[in-house]
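All chains are identified by letter, namely A, B, C and D, in their written order; residue positions are counted from 1 within each chain.
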Amino acid sequence: MSSPDEMPAAPERSFASDNAAGAHPAVIEALVAANEGHALAYGDDRWTAEAQARFRDLFGPASEAFLVWNGTGANVMALATMLHPAECVVCTEWAHIAVDEAGAPERVVGAKLLGLPAPEAKLVPEQLASLAHLQGEQHHAQPAVVSITQSTELGTLYSADEVAALCETAHRMGMLVHLDGARIANATAALGGTVQAVRSFTVDAGVDVVSFGGTKAGLLGGEAVVYLDPALAARAKYTRKMVTQLPSKMRFIAAQFNALLHDDLWISLARQSNAMASRLYDATREIPGVAFDVPPVVNSLFVVLPNAAIQPLRDWSFFWDWDVSRHQVRWMTAWDTTDLDVQRFAAGLRHVLGGNFEGPLDGASSGG
Amino acid sequence: MSSPDEMPAAPERSFASDNAAGAHPAVIEALVAANEGHALAYGDDRWTAEAQARFRDLFGPASEAFLVWNGTGANVMALATMLHPAECVVCTEWAHIAVDEAGAPERVVGAKLLGLPAPEAKLVPEQLASLAHLQGEQHHAQPAVVSITQSTELGTLYSADEVAALCETAHRMGMLVHLDGARIANATAALGGTVQAVRSFTVDAGVDVVSFGGTKAGLLGGEAVVYLDPALAARAKYTRKMVTQLPSKMRFIAAQFNALLHDDLWISLARQSNAMASRLYDATREIPGVAFDVPPVVNSLFVVLPNAAIQPLRDWSFFWDWDVSRHQVRWMTAWDTTDLDVQRFAAGLRHVLGGNFEGPLDGASSGG
Amino acid sequence: MSSPDEMPAAPERSFASDNAAGAHPAVIEALVAANEGHALAYGDDRWTAEAQARFRDLFGPASEAFLVWNGTGANVMALATMLHPAECVVCTEWAHIAVDEAGAPERVVGAKLLGLPAPEAKLVPEQLASLAHLQGEQHHAQPAVVSITQSTELGTLYSADEVAALCETAHRMGMLVHLDGARIANATAALGGTVQAVRSFTVDAGVDVVSFGGTKAGLLGGEAVVYLDPALAARAKYTRKMVTQLPSKMRFIAAQFNALLHDDLWISLARQSNAMASRLYDATREIPGVAFDVPPVVNSLFVVLPNAAIQPLRDWSFFWDWDVSRHQVRWMTAWDTTDLDVQRFAAGLRHVLGGNFEGPLDGASSGG
Amino acid sequence: MSSPDEMPAAPERSFASDNAAGAHPAVIEALVAANEGHALAYGDDRWTAEAQARFRDLFGPASEAFLVWNGTGANVMALATMLHPAECVVCTEWAHIAVDEAGAPERVVGAKLLGLPAPEAKLVPEQLASLAHLQGEQHHAQPAVVSITQSTELGTLYSADEVAALCETAHRMGMLVHLDGARIANATAALGGTVQAVRSFTVDAGVDVVSFGGTKAGLLGGEAVVYLDPALAARAKYTRKMVTQLPSKMRFIAAQFNALLHDDLWISLARQSNAMASRLYDATREIPGVAFDVPPVVNSLFVVLPNAAIQPLRDWSFFWDWDVSRHQVRWMTAWDTTDLDVQRFAAGLRHVLGGNFEGPLDGASSGG
């Protein structure tokens, strides 16, 4: 391998995570514009009213949206309004709520999570059906909410039909369905890139409550809990406060969303993010030593690399490990990833892996 | 009284609340500047490192600061790291944690709150001592944390000596002390307006953990939990995540704080807010029909008005009721309240109360 | 005063508490009889079926009873099935749930308790009405359950009409009513001593859920949560397990209740307990130095004594302090308190207070 | 198969569960004897003092025992005193705390459970070591307690060395060890049947806290939480109350334990229970159609039967399903199972399976 000091120029934006990106300029602009004079706190302002209207445009006039700080907060608030004592949440073993929220659902909601095996981080109706023996069993927390993630923690997607089948089974069994949409923008872009697309796998499929992600989609910070079944929103505003997720100067969350939801900017940005993931895949998959299990369908790539290459590459442009036992790492694109970022990263990868370089990137690596 | 349509010009900024104000321009500027390229999420960025250093400058090198979204979150996180099961929090009956957080401490921390009577929203050491009979009593949650608010929910202040006396008694009884500093800036401005002032009633007085308010002090949104006793911070980072208060793109909270803490801007802004409250008091206290119990010491005024005057006045420039049984309302200044806002509000008040107008405001009301 | 070694014979049974008494012989006999061979656990046995039928006889065919271990458990289970997140319980400042359960409701139910001032430990409808301003207020946990205690922690009673008035107001405001009946037997005995009496202040008055006390009424241990509104019982069995209150060998709780509920034994025993309290009052109220605020209506007496007399008297026959600031102590009778116990206690009291002894007790104290 | 009406006599005691058994006569006798006059409640009585002394005799003078109602309560209390916020419990996927407690640990303790795969319901040190990557990870609840069950939910046993190895790894990683001993008597009987045996896999092995089972061992009801590390008991008494597990008339739990712990009755009874399981295995394993995976080591047998035989057999003498997908059922012996029960059950099994009967059991079934 080449020595690190001979590495080509690193990409300006790393492939560490979509939450390493900043905010889109239109979002910043809207936020700055909202900083005019006084506005009542806690959502009694015109920016919040506009955001609520925009969410109704998206999910239908009966839906109700509540703005919150972050994804864990959105999930916890959603679940708290959906569950009773001694009930549990069915999810995959990969679910963010089960793995990456430091026990917030257990603590704040007081609920058990049943994390089912799911090689692709997707549940299937048969798994729900297999829980029927727990229903009525007084020793076991009752399965009451199915929580799915779209796009999933493994970068996979549910089709609208798959979500509908899950909802159908869940509802038949007396369960509700929550969709953790921290990356709902990427899913929407991948499944058609239209408002109809997002409706197809949410409200039309029978989902009851959505955690709608804004932060990874291009905001500074901000998420929404959207009740597609408005009956579940009856205690939402009190619950939001109780789970510490009521923003004081809410106009600054709302203004960001208003920019993001305007002209489907959120879909456009996710389309770019997804496209860059595909491009990174194409630019790297034939480099000797690089092994993907599957091509990306949204904005994350899981790749096995020669062990010795990982640290030098990471020192040059940061990314996270995924499964260290098989030297698998994760690369993730963001709304602001550029073609040049992809080209530079691929060049560095070729350089570190000692490949035989050809094409326009040769110059960058020829000194190696 | 005059008819509403003859009212003088309303103030640009109402006296509804300090959280109705926006963010200071320097804060906005810093936030915009922080939106440059990628930065690792969850606090592993240079803006957060700077904010942590600034808090160490303020509270001493042993202290540790954790940035969070909002005040309820800060309080809940602080208490969660200070309490064990079957312990309780001693506070006043006015405490924000007891009255205005929708049961978040009970739910998320799992703790009982003992809200003691306190006409001025301030605890005294004798009240702590009177709880000694609960200690060791297996039927009662054990008093383990004293939580005081500075400045208080009633706009009063603890002197540094008063805080020290509470800490001394609390520690002697084996209890810890939490200070809810949602308006710590106003308290600091009122108690000397220097870094030494804030130290005098926190770290020097023996306080263990501070909720440091940024939102009301001029941020878009952002608070900090500052551990003056760093031993209590051992599990803080996990607890922050568990209570849903870990900001993803943390640089945007940190950058705001960096601007606010620079050159003691937070104190300067609070000094202005406090000064405007005094000015409003001076400008209105002699108007017939206006009755204050006490002059303001920070930025809130509690005032009894003729009942018939309240709604017309509120329709013209919004403010909140306080104690409807005695027609008492609350006026609150903010960091951006101007002298002209005060003059206009006083003029409107005179107009509504049908007073005898003099000076530059006469013109505005002479048509009445 | 006389020296302790010259004290008259102490009562066999102290006046410390009704939970210092053992179990009634019929209860023991039933329990021993239930220890025959095997029976399925967790309530699937004939003794439990009988107990459930006996409770239906008492509270009506629609009611549903669930057997549990103890009073705190009964209260916590009841409240957990009645509350949603961000809701709170309205009770008095004296309520057992607020004062004597070590924070169990806050922790296990996750609910705030609003302990209202109540000199006689009784709520009135006006107090509920005064909470209307909290309804719809997103910063405050929503009042959702009114919990009253009958007989109260201060030994007072609600009349059936008073309970009905509270229920009427609570229901009109959208709240449910829980009755903590740890001493429901004493209340029943005092309010008529019939099954119709207990119905009058529970199911007929509109109470939704009752914690029915067995332990203080003559059991070894055992309580029941009785759902008068069976819709609230939908998740009761899972919730019972979740709050750790599902007895494994339930037949042994059920058999005790079957004996206690047979031929209204529970009412007879409470009548005896109440009667002994009245007798103790009569036997002591004119002794110089003894000061009662009010005569007992159930089985507890609160009495102010000369401070110097308290410890010698307690050393001779134990009882608990109540309000040390005014030298007030509590005496409590039990189902097994006898007339001789009362006579002996009164004699000892006279002895310690140095009174002028007359009547049959003279002999016992004449050596003093 | 034979028709049901020709079935041989059913066993007097079923093989449904050890909690279907009643209490041992010595236990009943002790309980009845304890019903003498008054005794202070909540543990301030001589029976409780004796029980505490007996547990110190068993586990060493530094240990501290707290009596509670039931197994779920014991586990929840133990965990509540061992965990801080944002920490989690490591256990097997079969653990009673994870599967059979209706979410009580999640709700009452507020803790996440990590249920690791374990074909024999036993953890190994390597599994703990594999969690090291979670330590220090702010997004994940921190592994803080390892909870093992002895004997396990699958009827297997940890050797003392295996427990010691787990404790060594756990402590090295900064974790504590809880042992769920709902069937600690059966484990003790199987591992030597002496006091030294129970010490070998608890206090000597490094276990920190034990849930000591009494109910399945021959009590009416009663368990103990025994702190082998007394430092962890500092807040145990308040926590016991908070988790609703403080018995009021505690003498009646204590008296039962005093009888059970006297002359190692608990071990003798478990020895009988275990022996009957072995005898049942011997009496049935060669019956055609009966398939055991392994012989029993304590008191439970897991057996695959012809599907058509299960219901008729169960209708005759009840037992529970275990894994319906493979027609596996569970048979469990109790302290009172007799040799005749075993013979009768084996006879019925042979009868239902239509086997060719030989030997001493022929007589029992020949009348069928």
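Convention: a residue touches a chain if its C-beta (ideal position, glycine included) is under 8 Å from a C-beta of that chain, and two chains touch if they have at least 3 such contacts.
Everything numeric here is computed off the predicted structure, so don't read it as measured data.
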Indicate the lowest number of steps between chain B and chain D, counting one step per move to a touching chain. 1
By label, the chains that touch chain A as well as chain D are B, C
Based only on mean CA positions, could you tell me how far chain A sits from chain C in angstrom? 53
Using the average of all C-alpha atoms in each chain as its centre, how far is it in Å between chain B and chain C? 43
What's the distance between the Cα centroids of chain A and chain B, rounded to whole Å? 35
For chain A, give me the residues that contact two or more of the other chains. 85-87, 101-103, 107, 110, 138-141, 238-239, 241-242, 246
Where on chain A is chain C touching in the complex? 42, 80-81, 84-87, 109-110, 138-142, 235, 237-242, 246
Please name which positions on chain A make contact with chain D in the complex. 85-88, 99-103, 106-107, 110-113, 133, 138-141, 324
The residues of chain D that touch chain C in their complex are 12-14, 16-17, 19-23, 28, 31-32, 34-42, 69-73, 76, 101-104, 107-108, 215-216, 220-221, 238-239, 241-249, 252, 318, 334
